[in-house]
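Take a look at these structures.
Heads up, the next two complexes both have subunit A, just with different partners, subunit B and then subunit C.
Up next, the complex of A and B:
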């Protein structure tokens, strides 16, 4: 049973990553969007180091949040259209695995490129080198949680307008935004930020089972 | 011989309208059920209800387990092919068959053999570039990856030429001989040996 679950997970990952790499817009669009949004701030506000550095936590996090929502609609829509989703619900394995695999793929094609690009964004916004690690840690936890939330939004908005899933997800992303920016701001002010990271970790730990199960239920509603 | 699946007085109502009403049949090993109905008569809904994707309003669906007991949940894996066929446009014909759970442990030669069996030679062509009929042939090749007790196939004979129709009939006959059953839908009776259920 365990090896069968692992097989299903690895097949979904292999297949969807192969498809994502063949359709490069899937991972390039959020990355370019993130970098463009971040670049606009020095252009609009001028190259004042202290101003940009104090705005950096909010700018990086808002750009990351919006960029990670760009590909949310695609999490299940193609599988729903081409009938692959039926296969998962008909197989005797827990549908939770499908959702978890889809969340992992979404993170790998949006969250991971954002994580890499955030270092460039930090340089553009004059974020001190000491704040790089807290920023990367907060984005690692936060973008993973955003992928979980995105999957739920995508399941609820399946077959409907593409923007609907982002609208569903945005209000629920406020705690992640607050915690994420607090981590970077605290590190900028030489304060302890571990508490914020722990809260983000707890949100992710609860989100993996909780949001995946809710997403399964939301997906099943589309068959009724 | 006990039926692998028993359907008794199954009804499904949506928005106060009966999609199908009081449908009953047994699926015996090696035997087929053909659900006949016009467009919108609820054939797809019936298949999805049998597989648990949609909840029935009335009636019972029971599945036989290996110990000879019946349960109101599915006890074995089935193959379902709806209208969409589950084929990925950005994968090649070969990859569409190879990157599936049921192809695990199979060699490239085995996959090529199955594709050849259904008349597909353009194995490196992307699925987006092939015809509807050829997509149906990929779906048929999936039947050969593993023997399932019951295959649920929605309108298998639509969009097919005579050669492909004969091929499906042959494949169904072969799988029937191995004890596999088919529950298929259609607008009119097909050439396969089956118990017809009109809805």
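Up next, the complex of A and C:
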């Protein structure tokens, strides 16, 4: 019985990944957006190495937050419009699986490209090599949490303007931003950063059940 | 007995009737206590030996900051009830409390800023408490913005309820993380938290002001809620009869 849950999860993942890869813009756009935002900071602030490397944690994290919000409204809107979502709620599969799969897809097409691009961003912002691993770890945990929050925002603002879901999500992403930048800044100052990572992990662990269930609740609002 | 009363209060017409009875009492007690507290605090409380008369803004600043936070707790509580039991009135309560909460939070920010200029020499400091109050203000704005975009009022209530539950879970995390962020970036430039404890003749009017603010909130909430009930139930018979029976 429990294998059927993973079956339905993998079916949704396969289908959505196929759709995403047919249109390369879905995973290229967040990546390019991220790099453009990062590039604009040296252009605006001047190219001094010391300045840039001290600002790098914040710049990378702000760009990552914005880029991961870019594709948020596409999480459910397409499926809502063509009726796939209706089909899913009629079927007997638990709706938690659907939301969880959608979050994973969103992370794969935005979080993962950002993770890859962040290394390039770190190089052009003169972030020391020792801070690469903390940066990648913090982005791994943080962008996953952002995908969960983004799914809730997208479900609440389904069929509304894209900027609305961003406004809903951004105030709630403050802890992620603070913890994420603290991880990188601590590693720059040779301080222990594991505590911040643990809190980000705890937020993710609570967010997966909590935010997914609330997202289901928010989606069901459209079917009353 | 209590259960029966709670269920009755969940029905908009019964709540409306009950609130008509308590409204004058609420009005009198709110005006009286808030009036006494403010007069006492602003005119008769002793002048602070360090800050002079400027400190008197505290009698508005502190209660509004406390109210801004406790109204959010109240909203999240209503949101919980609304999501779990689908009680219509709790959704209306949530919606009516939001503009009051955001006003108190804004008032706390503005009075704090006015207080900060003469005492700290600046309108704004990136202190942990100020920052988390500002973020609380943004969260209120997100809740109100979300409510206004959804046309179906009951659905809008539920959507905002869901978001307020997330808010309740995440606000302590925001407070803690802002605290850590503050200590990481700049080790305390000033300490407002460890100021010498207040003398009783300054503290008593503050307590009265706080109670007065709570009563004032209850009054505003009841008035807002009554309007909300009338607006949403305007097609129902009891509203038509109440407003002079056109239907």
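Here is the rule we use: the second predicted complex is superposed on the first by the 224 of 224 C-alpha atoms of A that agree within 3 Å, B and C clash if a C-alpha of one lies under 4 Å from a C-alpha of the other, contacts with A are read in each partner's own complex, and residues count from 1 in each chain.
Note that in this section a contact is a pair of C-beta atoms (placed from the backbone, for glycine too) under 8 Å apart; a residue touches a chain by one contact, two chains touch by 3 or more.
Predicted model, so just to flag it, every value in this text is computed and none were measured.
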item: Partner chain in contact with A:11 - subunit B first, subunit C second, else both or neither; value: first
item: Which of subunit B and subunit C A:60 touches, first, second, both or neither; value: neither
item: First (subunit B), second (subunit C), both or neither touched by A:83; value: first
item: Superposed model, subunit A: greater residue contact from subunit B or subunit C; value: C
item: Which of subunit B and subunit C A:114 touches, first, second, both or neither; value: neither
item: Which of subunit B and subunit C A:99 touches, first, second, both or neither; value: neither
item: Touching partner for A:224 - first (subunit B), second (subunit C), both, neither; value: both
item: Touching partner for A:174 - first (subunit B), second (subunit C), both, neither; value: second
item: Partner chain in contact with A:124 - subunit B first, subunit C second, else both or neither; value: neither
item: Residues on subunit A lying within both footprints (that of subunit B and that of subunit C); value: 224
item: Subunit C residues touching subunit A - in the complex, by the definition given at the top; value: 83, 135, 138-139, 141-142, 145-146, 149-150, 155, 158-159, 162-163, 165-167, 169-170, 173-174, 177-178, 180-181, 184
item: Residues on subunit B engaged by subunit A in the complex (per definition of touch); value: 48, 51-55, 74, 76-78, 80-91, 95, 99-101, 104
item: Subunit A residues within the subunit B interface of the complex; value: 7-8, 11, 14-15, 18-19, 22-23, 78, 81-84, 86-87, 89-92, 220, 223-224
item: Subunit C partner contacts - residues on subunit A that touch it in the complex; value: 152, 156-157, 160-161, 164, 167-168, 170-172, 174-175, 178-179, 182, 185-186, 196, 199, 203, 206, 210-211, 214, 217-218, 221, 224
